[in-house]
Amino acid sequence: MTGPDSDPLALLRSRAAAMYDRDPACQSAGISLDEIGVGRAVMSMPITAAMVNGHGIAHGGYVFLLADSAFAYACNSYGPVTVAQSAQVTFLRPAAVSDRLRAEAVERVRFGRNGIYDVTVTAAGGAVVAEFRGHSVMLSAPPPEEEGDARA
Amino acid sequence: MTGPDSDPLALLRSRAAAMYDRDPACQSAGISLDEIGVGRAVMSMPITAAMVNGHGIAHGGYVFLLADSAFAYACNSYGPVTVAQSAQVTFLRPAAVSDRLRAEAVERVRFGRNGIYDVTVTAAGGAVVAEFRGHSVMLSAPPPEEEGDARA
Amino acid sequence: MTGPDSDPLALLRSRAAAMYDRDPACQSAGISLDEIGVGRAVMSMPITAAMVNGHGIAHGGYVFLLADSAFAYACNSYGPVTVAQSAQVTFLRPAAVSDRLRAEAVERVRFGRNGIYDVTVTAAGGAVVAEFRGHSVMLSAPPPEEEGDARA
Amino acid sequence: MTGPDSDPLALLRSRAAAMYDRDPACQSAGISLDEIGVGRAVMSMPITAAMVNGHGIAHGGYVFLLADSAFAYACNSYGPVTVAQSAQVTFLRPAAVSDRLRAEAVERVRFGRNGIYDVTVTAAGGAVVAEFRGHSVMLSAPPPEEEGDARA
């Protein structure tokens, strides 16, 4: 007998998939959820012509959008609704149209309801485009559709 | 006799308008350039249904996109191509669909080719949604279409 | 009739003076409290030979110590014990032995128990040495010696 | 035949020791250099009564001083003079008098003359006191006493 009740990772995956299903921001930006784990997520996004700024490179806002999304899925992997309180991002290299960016979010530390997550955004070949550090805060209430998990 | 050659603010406005004209990211996100000044810019953006995340609120990435755009127009107001090196953002209040957010970017300090800009993002009524601080670095070359301004 | 009970600014000054009296870190570093106001503080510190690092300039840690102190007095000006949650600092210019640095902390925004304060550190003549942004969180309990003020 | 010329790690150790010898800030604060490696350093510091703030806990400025020092030794491990451009710190737990804090700095990424280093500050038992991220910039000139190493 398998399923969300017996496999912690399956529960985590179904929870992340449910969050993605109600996430128009990620869907409309073409962001895919590639991997999910405990305190960890990998997402990717193609840079489209609509994401280019006045200097002809990917707008930092879209690089941030991808990093912030991976951060959100990583810090919500525990179940209770968790939101970004603050974030710091450093842009190392410009990204261009048709680049597919990959963001890997990893939990650094948790303390009480707070967490710190590091996200590295890379282009093809692994060249680092941006480094992001996010601070999360867990809200007390679990998401309505996850109430059964709140005891866990 | 008036015009870009005789009115510094007119030159600055035409330069910002030219940058906006070649800026698909701002245009496609519905971001408008409302005010421009020396080291200063105001932009606004309506939160659309496509900007909502899995918790039903505006994705922090879009709040950042707006703040980062105002920062970009403020730090490029001097002429030479200037890019974001890093930024820090704190989210104070969630924004919802149909909110129109306003971002005001103001230069805090410049040193050499570097600058620090503070951006406050507010919702209707002036409630602060986010505080953003961006660090810019001026690239040596002026934008191709602005070479005539480089002497200024 | 004057005094802490009738003059809000006098209360604020006596509270800050009491905090300073039990603050060995500021005292031993030679940091003086020059001005105090609602959400605002000015402190200064001479750079001594013991604050110089391996490159012969003031250690960034001591520049931070001064900025963080001004931040602390500004965010504690309201009464309840308030501590630093996080801070970001940018170093613009090196400081040298015998420089007297001045840090001015100003509240940017408060939301719930949280606050954001901007601190500018300058050397003689007003040259900016560092820009600091601190995030504070107010703890629920007032300081023991200030319990009478908790109602305010 | 061994020595700085034949053992890269020995060269690195002697360079760090020389930097420490001319570093009054670290010496006077009781900071010791415990480990050094390529892009990595471990330093520790006892919290003394003189480092306590007006709330009776270790002043965040001294926690930062330790983290910033470990960052400095890590980013200078390559030889050329490298300085802190900016840093972000989050305080997770208070530290008290007689705690001995340990800071471990690890390079996250380098790009051109810039680098990002993560520093974790822990108390006895490994409890995390602070997380620090520093941005460094390498100056062009090597330190006078290290000119012979500049070719390396």
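Each chain carries a letter (A, B, C and D) given by its place in the written order, and its residues are counted from 1.
The rule is simple: a contact is a pair of C-beta atoms (placed from the backbone, for glycine too) under 8 Å apart; a residue touches a chain by one contact, two chains touch by 3 or more.
Being a predicted model, the structure only gives us computed values, none of them experimental.
J.: Count the residue numbers both subunit A and subunit D use at their shared interface, divide by all numbers used there, and answer same if that is over half, different if under half.
T.: same
J.: Is the number of contacting C-beta pairs greater for A-C or for C-D?
T.: Higher contact count goes to C-D.
J.: If you take the mean of the Cα atoms for each chain, which one ends up farthest from subunit A?
T.: So the farthest one, by centre of C-alpha atoms, is C.
J.: Go ahead and note the Å separation of the Cα centroids belonging to subunit A and subunit C.
T.: 36
J.: Compute the distance, rounded to whole Å, between the mean C-alpha positions of subunit A and subunit D.
T.: 31
J.: What is the distance in Å between the mean C-alpha positions of subunit C and subunit D?
T.: 25
J.: Residues of subunit A that contact two or more other chains, please.
T.: Only 86, 88, 90, 135 qualify.
J.: Quick check on the complex: what are the subunit A residues that touch subunit B?
T.: Subunit A residues touching subunit B: 19-20, 22-26, 28, 49-56, 59-62, 64-66, 68-69, 72, 76, 81, 83-91, 94, 143.
J.: Quick one: which bits of subunit C touch subunit A in the complex? Just the residue numbers, please.
T.: 86, 88, 135
J.: For a test of understanding, state which residues of subunit D touch subunit A in their complex under the given definition.
T.: Going through subunit D, the ones touching subunit A are 88, 90, 92-93, 108-109, 111, 114, 116, 118, 120, 128, 131, 133, 135.
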